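One chain, subunit A, links the two complexes that follow: it is found with subunit B in the first and with subunit C in the second.
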Partner chain A sequence: MLALRSRKSTLLRTAIARAYVRIKGGNREPSWILWEVILPLLMISSVVYAYHSLGAPPKYIGFVILGGAMMSFWFNVLWGMGTTLYWEKETGNLEAFMVSPAPIEGLLLGMALGGALNTLTRALSMIVMGILFFDAKFDVNAIPSALVIFLLTLSVLYTLGMGLASLYLMYSRSGWRASELLQEPIMFLSGLYYPLNVLPMMLQVIASLLPLAIGLDGIRKTLIIGKKIWDLGPHVLSLITMTVIFTLIAKRLLKYMEHKAKKEGRLILRWM
Partner chain B sequence: MSNASILTVNLTRTFKRGKKIINALKDVNLGVNRGEIFGLLGPNGAGKTTLIRILATLLLPTSGEAYVEGYDVTKEPGKVRELINVVSGGERAGYGILTLKENLWYFSQLYGFSRKDGWKRVEKLISLLGIEEYADVKLNRLSTGIIQKYNLARGLINDPRVLFLDEPTLGLDVEAARSIRKLIKEWIKSDRKRTILLTTHYMAEAEELCDRIAIIHRGEIVALGSSEELKQKVSRYVIYKIGIRGHARIDFVKEVDGVEAVSYKEDIARGVTVARIVLTEGDYISSVIEKIESSELQIIELSKVEPTLEDVFLKIVGASLEK
Partner chain C sequence: MDVNKLLRRLYAVSWLSWQELSNWTHPLVFIAYIIVRPLFGILLYAYIYVAIVIASGKVDPSSAFYLITGASFYNYIGNGLYGVVWVIHDERDHYRLLKYTYISYPSLQGYLIARGLVYYLIGIALSTVSLVVGLAVTGLGIQLLPNIPLLIVNLIIGAIWCTSLSIVVSSLSLFSSEYGPLIAESMGGLLFLVGNVIFPVEKLPCWLYLIAEAIPMKEWMEITRYSINVNYPISNIFDLLFSEIVKTMVYVIFSYVFFRIMDKLVRIKGNLEASMEH
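Take a look at the complex of A and B:
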């Protein structure tokens, strides 16, 4: 038998290998560029033109562009990372994976990394086209601060995705309901297309607990209003705290769901 | 150190289907020695795959214990996973859009190989299995036979101590199945610390490959021993092979005195129904012939045959395995 490496090293290698599958596989079907770039841009355009027709202040254009960019990451969490285990199960890959010593977090991390690269292309092209076509204005000096908030937001979102993915271990396709449930309400409450202060106070309170809302608010404050990272202490603190809490919850959920699925014989039970 | 590579103690697994409880495994006690190919023979739904899934840490037992290389599959799944691998016939684990060798490299990474060592291992296995010309072909373009060789390569990627082969030649043509069996034999011979637990419902495959065989039926081990030992169980019986013209259902033969078991299947190409009849004594064959002919069926072949595993199965379970 060959000598096996430590758990951490295996986790990292698994993540890189899964990201390789995602990126290499994606690039062999270049049509993804069309779906990832042009179609979302059309959606954003309709909102931008709605604001134009209503005579909204120019900063709203930036709001929309950034909201659309962050929405891409949220969709990647819900439908890319979240559903990973469902697809792995259906293709028979989960069985081969689960008999290996690789931690399941490695698989999900790899999917997040691989997916994030594609999503980043989508998000960046949205911003570039927003600047070129709609004259969206961003504070270039605030990019480092925005990047910090952006990375912290991604961390929280992907730990959330890890927790969501655990549901698919047990419930398979029924887990889609959870992804659907999280899609529209969170889009609504996170203010993807408008500033949160237009919402009633109670909804603003609920929104303040959502990582996407906090992250988006932070990024908008940096890139549109020009605030620096030290002005956004509560944002940074909330996002770090949420990352830690959601990581712990996701790990426990994954372990629990794996145990439950093994107990009920649903770990590799296919829907189709 | 004990020589048992796999050990199960009163292993039981039930499934709930609505209000119905299905006993997939009932108090299975099994010991598989290191260095042997151990066969589990049984029809679909007998519990073979359930047993493999428990041993491979994919399913928890309802009660009882199971150990692989001394590790408890329930309490120490991580340790077990470092030592095992599973290959299922008819499976296509991997990513269709990646090539055969890229897929194997992906699986090597799950076992913590460095990038370089992973590729080395992949090249070695591709050469061992003689699939060099398919290494750069996408998985979704490969034939069933090559896919099964790829599956075997994936199962050997971590050089496991214990390899679970679940119907490894399922759906393969004669040549591809022979090639897979040859590879399995060579692999186990090259290191006596290795163990294979193989499930099959092909009698000839079990006879050719396995050092010992357990017959599993409705979740219970009903017979265990080497192929020769199992055949001894029917050595006192007389077995006849009868060919009947056309499509015939001859369950009524069971009513004849001296008939222990009957199995039959239709050979569509020849237009013949071939039956195997296990008798307590040879003299009873005349009553069997009389009964068949009185049903207006025409016997076109009759011969006394040596017992096979099929007859053992037939005698113990009361039904044919290879339907």
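Take a look at the complex of A and C:
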């Protein structure tokens, strides 16, 4: 019992310590924050102007802004979570982590908390800029419902990120490439710039298996269409189920990949 | 100038670029890898058009052509830009090779140009695949009347100005390990915004339109569209071509001079090997 409590306490302390580093590191240079907001805005602005020139209905501007904001979480999951262990290996920190009593799960949890908080400030800035510059309109009364869907989406995405981290620990540069590959297909299938119902039925079925697609669709339905949380039962149920499944998978995968990487001597193998 | 020596260097550096890009996997996996991103990228933009058609109930082939050609051929410029600009970050922070490259290769500027060549070639392939897929998805049943010699000339000019622009960006990136990748990414995003890619730049606010005027991308994209289909309406092809060539020449001269100055400055300041950990 004592050992379990001590293990949980180490895990929490590790998570808090790692989250602190991430939050402090991510915000120590204010100009970075500015870049991180402006950079995705360049692409988003292009699509907003394209919609303007094509004569799209005004709600599409809101779709694009929310899509861009949610996509920044996906990028954070891929590059801030998935490739984390790979980067730690490349910079020579991973061996220090491995010999310390800090559990890897704690490190990843800290990464998730810190990364999500950092990304939240960027995503919110993006939404504010979308409202100010492009006159994007959202239903303020739907914020509580949107918040529930948003938090559920984050929990699925970051548990998925933990699973990816274990894969990239093992496969290094191939894992890095996999992260690149998981950008555009997910952007397309999640309906980054358009509602999911414009996709053919087959693709909508595939999209319904992606947490980002479900989350983004739910948030759009609340903030733009004005639906309440009780209208989004299937979204909530799917996101909760996915969180449980991905947590179990990530935990097992992490143990397995760590063991395999140690066995094959890949933990300190760099530039491969 | 020893042309043979120059070509040998060009070949060696291009080979290095190719290996760095592709030797982590099997060739077939690599081909799938490089195609997947632009393929889904073009689908993303094609479905913007589909969404509008569904919302408005109207089909507009000229808008679809504009959107698809822009998004497809952006691959060429985006890829070339990435190929040159990312080298500094990769070699300094990731592989820790920049100092060795600097002392072994006769000119860092020449090295950067050579590193980008493979990316342009890949860019052509990706643009072609994207164009075919994009036109199919949007259901564009128009007969394309390409002007291949003009397309080739325009691609060459595009590679020249884009490489020059990339050299300028790289020289800035030499100063900062922290901001280098951000500058590189931003330039790609900026070209997408002000380059007539998925909407006409005339829609931009005045201050952004001025930036669009300063970069040859606007003309390059219009000439590319015209060279793919000569029925594409443009004001005057010769005026556009002239404007693009003049801007390209300015970029070539400016990038050469700017890089030399920055190169000198960066050595004086000792920032050449200052990586993220510093």
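By our rule, the second predicted complex is superposed on the first by the 266 of 272 C-alpha atoms of A that agree within 3 Å, B and C clash if a C-alpha of one lies under 4 Å from a C-alpha of the other, contacts with A are read in each partner's own complex, and residues count from 1 in each chain.
Basically, a residue touches a chain if its C-beta (ideal position, glycine included) is under 8 Å from a C-beta of that chain, and two chains touch if they have at least 3 such contacts.
The model shown is predicted, which means the values in this text are computed figures rather than measured ones.
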| item | value |
| --- | --- |
| Fit or clash between subunit C and subunit B when superposed on subunit A | fit |
| Partner chain(s) touched by A:188 [first = subunit B, second = subunit C, both, neither] | second |
| First (subunit B), second (subunit C), both or neither touched by A:46 | second |
| Contacts of A:17 with subunit B and subunit C, given as first, second, both or neither | first |
| First, second, both or neither for A:98, with subunit B first and subunit C second | first |
| Partner chain(s) touched by A:35 [first = subunit B, second = subunit C, both, neither] | second |
| Touched partner set for A:55, first subunit B, second subunit C, both or neither | second |
| Apex subunit A: angle to the C-alpha centres of subunit B and subunit C, given in degrees as a multiple of 10 | 90 |
| Touching partner for A:255 - first (subunit B), second (subunit C), both, neither | neither |
| Minimal inter-chain CA distance - subunit C and subunit B, angstrom | 5 |
| Contact residues common to both interfaces of subunit A (with subunit B and with subunit C) | 29, 91 |
| Complex contacts: residues of subunit C adjacent to subunit A | 24-25, 33, 36-41, 43-44, 47-52, 54-56, 60, 63, 67, 94-95, 178-179, 182, 185-186, 189-190, 192-193, 197-200, 203-204, 277 |
| Residues on subunit A engaged by subunit C in the complex (per definition of touch) | 29, 31-32, 35, 38-40, 42-43, 45-47, 49-57, 60, 90-91, 173-174, 177, 180-181, 183-185, 187-188, 192-195, 198-199, 271-272 |
| Residues of subunit A defined as touching subunit B within the complex | 1-2, 4-6, 9-10, 13-14, 16-18, 20-21, 24-25, 28-29, 91-93, 95-102, 259, 262-263, 265, 267-268 |
| Interface residues, subunit B side, partner subunit A - complex | 15, 53, 56-60, 78, 81-86, 88, 91-95, 97-98, 102, 105-107, 109-115, 121, 154, 158-161 |
